[in-house]
Amino acid sequence: MKDSKKKTLLAIAAILFVFQGFFNVQIIHPQWTRDYSLGKQSLASGLGADQAFLELLGFREFLAGMLWVRGDTFFETGNYDAVLPIIRLVTILDPKNIDVYSTGMWHIGYNFTDEEQRSDRRYLPTALALGKEGCANNSETYELYYEEAWLWYHKIDDDYPQAVKWLSIANEHPDITPARKNLMRNALERDGKPEEALQLLYKLKDQAQQDYNQDKNYEARNDLETLINNIDTTVVRLVQRGNIAEKNGWYASGDYDTKNPFDVGFSAKVTVTEPKVIVVEGTWNVLPVGTRVRVILRDANLPHSVPGSMDWDAMATSVQLDPPKNETYMQDQLFVRNRRFNRRIDMSKDPTMYPFSGDKYLIEFYYNPRSAPPHIQDKFGWNGEGMTDSNFLRLDARPDNERVVYTTLEISRDQLLQQGAYAGKVTVLKTKNYHDTAIPTDSLDDVIMVPSLRNSGATSASTSSGAAPGGKAAANAVINSLGGGN
Amino acid sequence: MNAIWAIASSTVGEAIRRKVLLVILLIALLLLSIIPALGVLSARSEMSAMISTIFFVIRFTSALIAIILTIYMIPNEIERRTIYTILCKPVQRWQFLLGKYFGAVLALALMMGIMTALSLVMFWFLKHPDASKMAEVAKQPILYLVEMSLLAAIAIFFSTFVAPLVNFFISTGLWLVGTVLNPLYDSFATNPQTAPIMKTMAKLITSILPNFANYDVKNPILHPGVVIQNEASYYLKTVGYGFMYIAILLILGIVVFDRREV
Amino acid sequence: MAAAIETKKLTKTYRSRQLGKINVVNELDLHVEEGEIFGFLGPNGAGKTTTIKMLLGIIYPTHGEGYVLGREIGDMDVHRVISYLPERPYYYEHMTGFELLKFYDSLFGNHDPDKCQRLLERVNLAGDASKTINQYSKGMQQRVGLAQSLLNDPKLLFLDEPTGGLDPIAHREIRDLILSFRDEGRTVFISSHELSEVELICDRVAIIHKGEIARQGRLTELLKGGRIEITLQGIDEGLARKLATGGTLHNLSDGYMLDMPEEEDVNAVVDTVRSAKGSIVSMVPRKKRLEDLFVETVRAATPGAAPKLAAEGGV
């Protein structure tokens, strides 16, 4: 080959070389990253050399599958701690594996528990963050949005705007099943927006009607009937609970179930019976079963804490395999029976979950009527309009002047652990109104009468004043019919 | 052109009879045929797991074949003195090199075609996906072929001046690095803690080394919900990129080989 | 006659780390006439193959000039009319003999299956045309190699050790083919160290040693200087001595052995002996062999290492 020809060829190669570099970095690469990059974590850390090699060769999904099978055996044996890193790895390797995300969220959110089946809520931010990541990686399907919403709706059971937010994204996806769209109605109601819930039900009903007209199968019919039934129920509740009246300005003059606000008469006493064991007792003057008062024992100075909960959303920034080990956060429910609650909470058997490393602790009591079951909401209303507490009603604990019952008791580490100055001493803490015989359990005078939908609103609530129409006998009948009275 | 074609077709004939390549191909075909049994690894995304494993086997095997086929091609010709019987004919060295290269690409296409065909047949019988899905699945191996052609160009370029064993490590190394260039670059680019000098380095390396990651387009194929804009244009661009790089390597190979004492 | 091959101070220098610069071929002046069979002889490593590769344009001379069929070496056009059979080449073993010829034919841009068939017949492989090369014996492979070298009807053939490693029958077949090439008017350039073969077929030879031409010329001229041994009985010593003036005399138990150059007047000796009533027991011409020439040449070129080189030369 002649030298001149060679030089020409080399010049062409040089030009091509410069151009390919530009072409690759400026033109192809951005499109690849946008469309073909697999997930946000590009190079997984924490993989063994062989696994990393497989991953680099694009064997990620297969590897993820193998790991997940291994994770499954840990599930079966209850070795949950071992599952967590596997979930993390699998989701890094195969960010499109929706099952691993949803199972992982459920597992992290629910399955880490103490000996008495109280879940370790220090993991909740991780569950939420995993869900957020899953949504970002799988935005084409409703599933993980729905799972994220479910965590807010069911597990956190507070901060309902979050549930509404995630559900509304889920509902925009065409692949969501009709039945799952209905959860939005519940979320909206718990968010104190029953009228929006009704509007949604109408919309869903129209759709269900269309679906049913097209294909008259059992499922479509069932769906339609459920929606009609739900609309029925919601309309009756909107009428009876006074929401329609409120909207139209005649609430003041009418007789509605939520009138007048009923004083729940909350009081509580906490006794440290043994180190790390407390007994919580107290009063709640609502006879029908279904009341659960949230009790939290946590570090007094816990960051991101809000009354009766945590700012979970702000904490859910990244998937952390280890919860903050030095923090203590115990949350439990106080079930009310016979207008009293009494619960022994033993935190002595789970030192990793309850490290008690701080000096000061706060015991919080929190009741949000939005979480209440419908038969109680029939009196309290969706937003607690029909509920009050002469001592602990708080309007500042939640945004938008939500009506909640909230109070705290302070306790020190020494008191809880019965050590130092409190060695061998039983500490008793009480709310200011607590009397050991605060409310006579044999008197039903100040027990609310829960109205019954079956009576078409004929029964209204009696209040603590006892001036309600219908009287004591009718109220008793209602309570009995609900199976709540003893 | 006649000479190039004659050399290319003789290269194909030789390649498909090389035992080591046939063994690799056979193992790959066996692996492909047991892939359905691996579906249990991923309960609901069985289809994605299957497709992704198919892609992995095809890609890995093809790379191995591309490298082993190409690194020995020219050294063997010289060692066996076959090259003299060719170069003493009116065949230019560049024609010889191109003929060998195109032969390698054709042999690769043939072997990859067999693997893809088997995968598709199996896929069809096991999953009965609709035709559009089958077409989707067939797209990735086409880009893999471009990827392997680029890899073969690298190997043949180095085979004009280094020994086969050294070439094996160079080509394999470049391929492995090339398959992670994009993720690597992205992790540098998106990490705010990366020093600017490192970012510049990452950019430089990405623009210099052959980028094999570009040919990994399985994401939207595995996950049908992912919507891709201008897919055809991406395919064209990345194929164009491959051809450009191949041209560079072949030109350099021709220039080096032209003065090579054989 | 025009020169088929002409080189002037053709030199190929390699650099080696241990030995520094080595002139594998050093200022070679070759001259090969058209239509002759030219033997290019030399021990292993003398630079034979290197010279051929330079003439074919496969490697490049460090300096000097070379012309093949009147064209400067490296000119690709000349490849249309020359051919080359390397020493023990491997052909694509998956091809049949016929396919192999078709393949090489296509390198010329030709497609002539009939010609391929004819050539196979010519090298006596027509019956094995559909066997693959890996089923061929060495001799068959060499013959198919010769067939491929005839594809372009070459004016000049380079054959590198064409009979190397073959059995005597194969030797003969190849030898006959090569001779037939000359009969067709082709020039044949044979590189070899199998001197007996070369001696049988070559018109002219060049002996190369350490990259340099040691001897070059017509074989008949180079081999001049043979001797004749005459064994005599029944004559007296005086006569014997008289006869031995042109050679040397050895005493035997029952007579004399006279060793004399072949160009001496042997007839005169015979006449003298017969007239003296003596008898001639035997008369053995000791012709000069190429082997002798080769050893002689190599020894002369490297006095110190002569025996070793001769051994290496396979003579």
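By letter and in written order, the chains are A, B and C; residue numbering begins at 1 in each of them.
The definition used in the following text is that a residue touches a chain if its C-beta (ideal position, glycine included) is under 8 Å from a C-beta of that chain, and two chains touch if they have at least 3 such contacts.
These numbers come from a predicted model, not from an experiment.
Compare each chain's C-alpha centroid with the centroid of every protein C-alpha atom shown, and the nearest one belongs to B.
When C-beta pairs in contact are tallied for each pair of chains, A-B comes out on top. Per-chain Cα centroids separate chain A from chain B by 50 Å.
Separating the CA-averaged centres of chain A and chain C is a span of 99 Å.
Mean C-alpha positions place chain B and chain C at a centre distance of 50 Å.
Shared interface positions of chain B, i.e. residues touching 2 or more other chains, are given as 92. Residue ranges on chain B touching chain A, taken from their complex, read 38, 40-45, 48-49, 52-53, 55-56, 59-60, 92-94, 176, 179-180, 182-187, 203, 206-208, 211, 213-214, 216-220, 222-223, 225-231, 234, 237-238, 240-241, 244-245, 247-248, 251-252, 254-255, 258.
Chain C meets chain B in the complex at residues 53, 56-60, 76-77, 79-80, 82-92, 94-95, 103-104, 106-109, 145, 148, 152, 158. If you check the complex, the residues on chain A that touch chain B are 1, 6, 9-10, 12-13, 16-17, 19-25, 27-29, 31-33, 35-38, 42-43, 56-62, 64-66, 68-69, 94, 96-99, 138, 140-141. Of all the residues in chain B, the ones that touch chain C in their complex are 2-3, 5-7, 10, 13-14, 17, 80-82, 84-92, 259, 261-262.
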